[in-house]
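These notes are about the structure you will find just below.
As written, the chain order gives the labels A, B, C and D, with residue 1 at the start of each chain.
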Amino acid sequence: MTEGVDTRFTTPAMAAIFAPERHVRQMLAFEAALARAEADAGAIPADAAVAIAACCDVALFDVAALHHEAATAGTLAIPLVRELTRRVGGEAGKYVHWGATSQDVIDTALMLQIREGLDLLIGDLLQICAECADLAERHRRTLMAGRTLLQQALPITFGLKAARWLALVCRQAHQLSERRERSVALQFGGAAGTLAALGSAGILVAERLAGELGLPLPDLPWHSERDRVAAIAAAVGMTAAAMSKIAGDLVLLAQTEVGEAFEDPAPGKGGSSAMPQKRNPVDSIGALAAARLALGLVPVVISAENEHERGAGGWQAESIAIADLFRFTAGAVARVRQALRGLRIDEARMRANLDRDGGLLMAESLAMALAVQLGRPEAQRVVQAACSRAVASGLTLREAALDDEQIRAVLSPADVERALDPAAYLGSADALIDRALEGYRAIRSAMEVP
Amino acid sequence: MTEGVDTRFTTPAMAAIFAPERHVRQMLAFEAALARAEADAGAIPADAAVAIAACCDVALFDVAALHHEAATAGTLAIPLVRELTRRVGGEAGKYVHWGATSQDVIDTALMLQIREGLDLLIGDLLQICAECADLAERHRRTLMAGRTLLQQALPITFGLKAARWLALVCRQAHQLSERRERSVALQFGGAAGTLAALGSAGILVAERLAGELGLPLPDLPWHSERDRVAAIAAAVGMTAAAMSKIAGDLVLLAQTEVGEAFEDPAPGKGGSSAMPQKRNPVDSIGALAAARLALGLVPVVISAENEHERGAGGWQAESIAIADLFRFTAGAVARVRQALRGLRIDEARMRANLDRDGGLLMAESLAMALAVQLGRPEAQRVVQAACSRAVASGLTLREAALDDEQIRAVLSPADVERALDPAAYLGSADALIDRALEGYRAIRSAMEVP
Amino acid sequence: MTEGVDTRFTTPAMAAIFAPERHVRQMLAFEAALARAEADAGAIPADAAVAIAACCDVALFDVAALHHEAATAGTLAIPLVRELTRRVGGEAGKYVHWGATSQDVIDTALMLQIREGLDLLIGDLLQICAECADLAERHRRTLMAGRTLLQQALPITFGLKAARWLALVCRQAHQLSERRERSVALQFGGAAGTLAALGSAGILVAERLAGELGLPLPDLPWHSERDRVAAIAAAVGMTAAAMSKIAGDLVLLAQTEVGEAFEDPAPGKGGSSAMPQKRNPVDSIGALAAARLALGLVPVVISAENEHERGAGGWQAESIAIADLFRFTAGAVARVRQALRGLRIDEARMRANLDRDGGLLMAESLAMALAVQLGRPEAQRVVQAACSRAVASGLTLREAALDDEQIRAVLSPADVERALDPAAYLGSADALIDRALEGYRAIRSAMEVP
Amino acid sequence: MTEGVDTRFTTPAMAAIFAPERHVRQMLAFEAALARAEADAGAIPADAAVAIAACCDVALFDVAALHHEAATAGTLAIPLVRELTRRVGGEAGKYVHWGATSQDVIDTALMLQIREGLDLLIGDLLQICAECADLAERHRRTLMAGRTLLQQALPITFGLKAARWLALVCRQAHQLSERRERSVALQFGGAAGTLAALGSAGILVAERLAGELGLPLPDLPWHSERDRVAAIAAAVGMTAAAMSKIAGDLVLLAQTEVGEAFEDPAPGKGGSSAMPQKRNPVDSIGALAAARLALGLVPVVISAENEHERGAGGWQAESIAIADLFRFTAGAVARVRQALRGLRIDEARMRANLDRDGGLLMAESLAMALAVQLGRPEAQRVVQAACSRAVASGLTLREAALDDEQIRAVLSPADVERALDPAAYLGSADALIDRALEGYRAIRSAMEVP
């Protein structure tokens, strides 16, 4: 479909929001709203506003030709305003783009696109939340190994893992909705940010224009203070990073030697051109790739210089980077949603992995059982020695423990069994799952998801 | 002082907050608070907590030796916990670090350092705000050229420029204080995030521990979901970018050919080893360099992978990157404050630059005066022609305009004079300055700055 | 044209090289060459190779449909090989993609595209060199201010400035041609890099395949060792940075207050939607924006993880990033070429700027004249004092110097005049221009440019 | 030791090379060599050169005080030249730093440090090569699973894996030595790059100075064309990425469920503050973290703007970034060397993992055996079906194959056994190992390693 953004790494819906056609459409929305706001404020004749608004229909414009001209003109606003003026014609044509500057219309159009893009991402994130919440509930008691530094550490439940994903994604939905409320803003300042061409009516027009577009009126024009856009970029980038976290975990769980979770095998999905047995976690890998691409764009946006009253280079690059950032992040989000939907969990394999290495991951539990009497350091020493013996002689930790005099002096065989039961060493896992689910319900009701 | 961070690009106060000694001090604060919280919750004996807390004094530890051992151990927590246990000794020693994992103490200590770092940045930003507010007021009527794409565009006032810096910096102070309230959080989950070693007391201990440290208790442990740290990094990076914006404008204003603003010339400042006449804007340049270095660290933090229940590589790099990010950003902030304090404004030069090129930057004003009768497109065409004639024949725009039949047909000579008076074409500049000052007063009172 | 890459920031020629259609075309070139190489090596029947090669014509394939399927399959190779097999049919169809893996064909196709892309960039860079060489020659004696830290420093010539751009761009052309020779390479290893499916014929086939495609045979397959691609990305990124350097200088020279160089004003170029007088340096700004976008992609490529024998995420993102990197860099190169072609140099303004500030930039020259007798430190002190007096009392440095007893004690008025003549203080400028031109001639003849 | 760079992520040797003391030492080396070169060229008196060189001893200077002053002065050169002048005193003192600019001495000193840093890295990389070559030889026949997208793909040998690491690291040693020869260069141009203060003697002095320091004389001064430094940064960053590749593979191999390779367990290494059984791959993780930090610095260097004849901000940040880049990369290199030295390979586990999942990874081999008769596509279809049956009914691929009518129609039971023997399906693995070893020998002899 597009050349710059491979369809593998975005979604049609997000690609549409940041398509050239949509940008022109939103620029026209600005011009129509500007004319109405100025008429309201008495700055231009009312019938001029009507005539202008009537022509602000993207279907009337040759979007490709406008973009082509923009390369020479340096900005899309120049050919668009010229074409719109021509179309409106007559007296009314005189009032097109009245008092505005190129950057006013381009930045505001971008903000309108961003608002749509954020809504799309938030909706998709809430769907991921629903999948995670479901996994958290269903696997509340599904034992698996918790892994730190990619080594088995302690038992957890898959429900807890899903609950942490859930909490992570809820926070992303929340922060994106914050940006939607607080960083999306009207741009309107005229050529140098003084609204000079509107005389004393500037702020009144700005208020009306903000109202027309349903955008917040910012404290001041922000042509060269791009912190709002940077905050949005950072938030979207963090969402991509969150997708990377989940997808990365899924790829690791799907390893042949781990084998605990698999993407739903659809026909034609995840095969290999050479290896018939392959079931590659295609969606997770796609999410990782898309998230990488998205994250690469964040610094382009947040480190852009913007000299004096309008930047020379930084600003011009920003809108390209923002569009790609939304596109790739949407791709990452869609891929994670797809990977989670119909995720196959192999509970038996999770349990079997937990018992690998003779139950060594219950070492902390055993140490804590001893620590009540021996103290934490001595208990750790004793258990470490038992672990070493187990590894060296191929015993399980249970065998090594039952064989250890120091341990037997403190714990009965039944105590040892209890200390080595993963299901009995889950601490607050359940309560933490509940906290995540509560947080999810809160965000759903705040966002009025039915 | 340090090798990694040149003293030119940070401040002693921020360097101290992120010094190894301070990190150990905050780790000990965690261990003391943990012991108290666990005693409170009945998880360990009360007198053990007293004995442990008594030893949690950084002066008792060899910080350099601990860091040296950390290189082998893989984490600072291991030698620190061992040393603390040894110092506490006896029965109480058994309860050191009870139920916690390395990452709990390291992440929480980092969060305590981050909180201090944010407070420092916010305080310094408010001082910059005070300088900007003063400049905005004092130069409310100081005319200068507004510049877009580094070309003169329209007249503005230096007060408005300062007001936009002010609004930008206020927003940074605000967002950093939001991060301080909402992203700084306790880390406490035990080895795999279940708080398993505390049995059913985990969440109670977590609540007490959060209370002891004055840190918010997060929804869930976040060992491998680093969005809070990422949000802080992004916010600090955006602050660095804001410094870059102001410093960049100052360097451009200080250019020999522009000559509108200069840093206060202190003895020994801004000279050259070769050129006796040089008055380099040393602080602004230092701010640009420090901000560049700071911004380079943001992607390191926000794109870090964190596998399963604890990351292998991403997490370990994060704390180094965060510390450097705060150090460099503090350097940028301090440099901008220094550059603004005692900034010399050359009002005459500002005015002279405004009149360069025969007043061409009043072209929009003239066009708007004509547009009421001719319409915007025709007015622009007429003025563009006058500009071209002025440039070609070395006339001022005023001369070219008074000489132009079409213009004379619409505007009287007095109208032309009025249209070419920069002071009369400032639109809402004054009102916008007021908005910025109001915003500043609001943030000051919200932050209870006297 | 495309959605991801705005046409403002690339060129049609480079966009075509990295278009989806071209990728498929190069994949088919690989499949055809593979079949021939295998037939040569006796691994498959000769007539199968003929039949396969006959179908390797991109016009026979629905490129969009292949890309669409790739999203599900996880790689473009799967649908392409399936379609090609279907087209070839019969006995020959059995030998399509024999012994190869998806990544072999995709990486090799990318390398073929990269080779074309490098050739295009090198050719365009040599055109920039020609423009710079011409400027260096023509402006060998055009005096202007050299500027350090954006302050006037010493006189230089515009010829020297152009010579430094020339040397910079020559080095880029050279390093890109090195990458073309040394980093572009065949990828061929089979599913796990052993060429297992070819039995003992693997390396023979690899050699023939490399020969067929005119690509170097690398030491080993490199599916997950991406240093070659990283080196190419770094080289292309450095080219973008070089464009940024030149474009940045041009934007600074074009500032209203500097006014020394302007882009050729074409109709419809560089205007403003609000300000009739504007002559924005549109190409330079476009180059800066494109270069920023290009540079943002370098870290995505060079920091990609690639696990074990084929990466999960890093590799998949790489080809998107590489394509965008070439596209944006081509945009930057084209824009700089356009900006330099027909660049208007205002020699009078250069000279006038040199005399601004009373000739203070001749201070070092005066100090060196004094230093022979006073020594460098004392001479600097004396001149610094004269500079300060000049600034304070509005004198020129000449007036201040002729008025200074210490100076008069050492230098006659004629000596002072000589010391303050910029044309007499150019040191090795001429010789350095010659060195740059020599270097350029050397690279031209090495590359056999007529 | 230092605050900015944690000792965990660098080495003492590299920290020393980029310590402030060493920078001052190299600056003094420049000043001494400059005086000698100028005396040689007749530009200053011979005894002045002797006197200056005699004072160019870092032990005579208060390095901390110089750095402190640099913060105000804007550059270290100013206080250093002043102090050196004071120390030399008398007539000779007049000739200190004659004709040079701050950036000449700072850039050249940095280049001297870089040269030392490159030598250190190259030496360490060759040690890694030696470890890899040893592993490649010793494990030439050690069967293991090749893994693509983290799924088992085909059998390889651990020797081949090590051979690919070897080839990768050889290429890094080679490219760093290329940078050492071709990108390290003298900086010498005087205040604006014209060598004006040396009259017509500039290039002669430059040649002599280059000779004195053993540094190549570049085509032109390069104060604001930083492509040499960027090329070095990119090369060092690619080395860090190579370390990340190896360390990443090691962490994955060390996973509890994979268990194929372990770092040498030293006392106090890789434990956990909570889990007694933990054997964390501490060096590999340290390498990953250090490499991440290193890679984060590459864009800071290669995207730095440098305006006109000396940059304002980009240049000042560069040297900080370069120093950190070398430090962190050295840390990554040292950690990988440490991880490989004494690496424990579990051959039995490698073999056992290969047989997991019923030998499914031999599917391609079986398909190729069938393909001779059935053709590749039909053979793949048949094997895919057998794989599915095996997975569904818990059979091994061998059992499923022997049970399959279509397979039996083509292959005898002995043929099937042969097709499923991993040791018989290694293709060119051996020859590829030989190629890597040859490459290694070539680079050793080129670098004259005994």
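Couple of notes before you dig in:
In this section, contacts are C-beta pairs under 8 Å (C-beta built on N, C-alpha and C of every residue); 3 or more make two chains touch, one makes a residue touch a chain.
Quick caveat: nothing in here was measured; it's all calculated off a predicted structure.
When the partners of chain A are compared with those of chain B, the chains appearing in both lists are C, D.
More C-beta pairs touch across one of A-D and C-D than the other; that pair is C-D.
Averaged C-alpha coordinates give centres for chain A and chain D that are 33 Å from one another.
Note: centroid distance chain C to chain D, computed from Cα atoms, is 24 Å. Shared interface positions of chain C, i.e. residues touching 2 or more other chains, are given as 97, 101, 147-150, 153-154, 190-191, 197, 248, 251-252, 271-272, 274-275, 280-281, 285, 292, 296, 299, 304, 312, 364. By the touch criterion given at the top, residues 145, 147-154, 251-252, 254-259, 271-272, 274-281, 285, 299, 353, 356-357, 360-361, 363-364, 367, 380, 383-384, 387, 397 of chain C touch chain B in their complex.
Partner chain B is touched in their complex by these residues of chain D: 1-9, 15, 18-20, 64, 67-75, 77-78, 81, 97, 100-102, 105, 190-191, 197, 247-248, 251, 266, 268-275, 280-282, 284-293, 296-297, 299-300, 304, 312-317, 320-321, 323-324, 327. The part of chain B that touches chain A in the complex is made up of residues 82, 85, 91, 93-99, 101, 103, 146-150, 153-156, 160-161, 163-164, 167-168, 171-172, 175, 190-200, 202-203, 219-227, 230-231, 234-235, 237-238, 241-242, 244-245, 248-249, 252, 292, 295-296, 298-299, 302-312, 364-365, 368, 371, 374-379, 425-429, 431-432, 435-436, 439.
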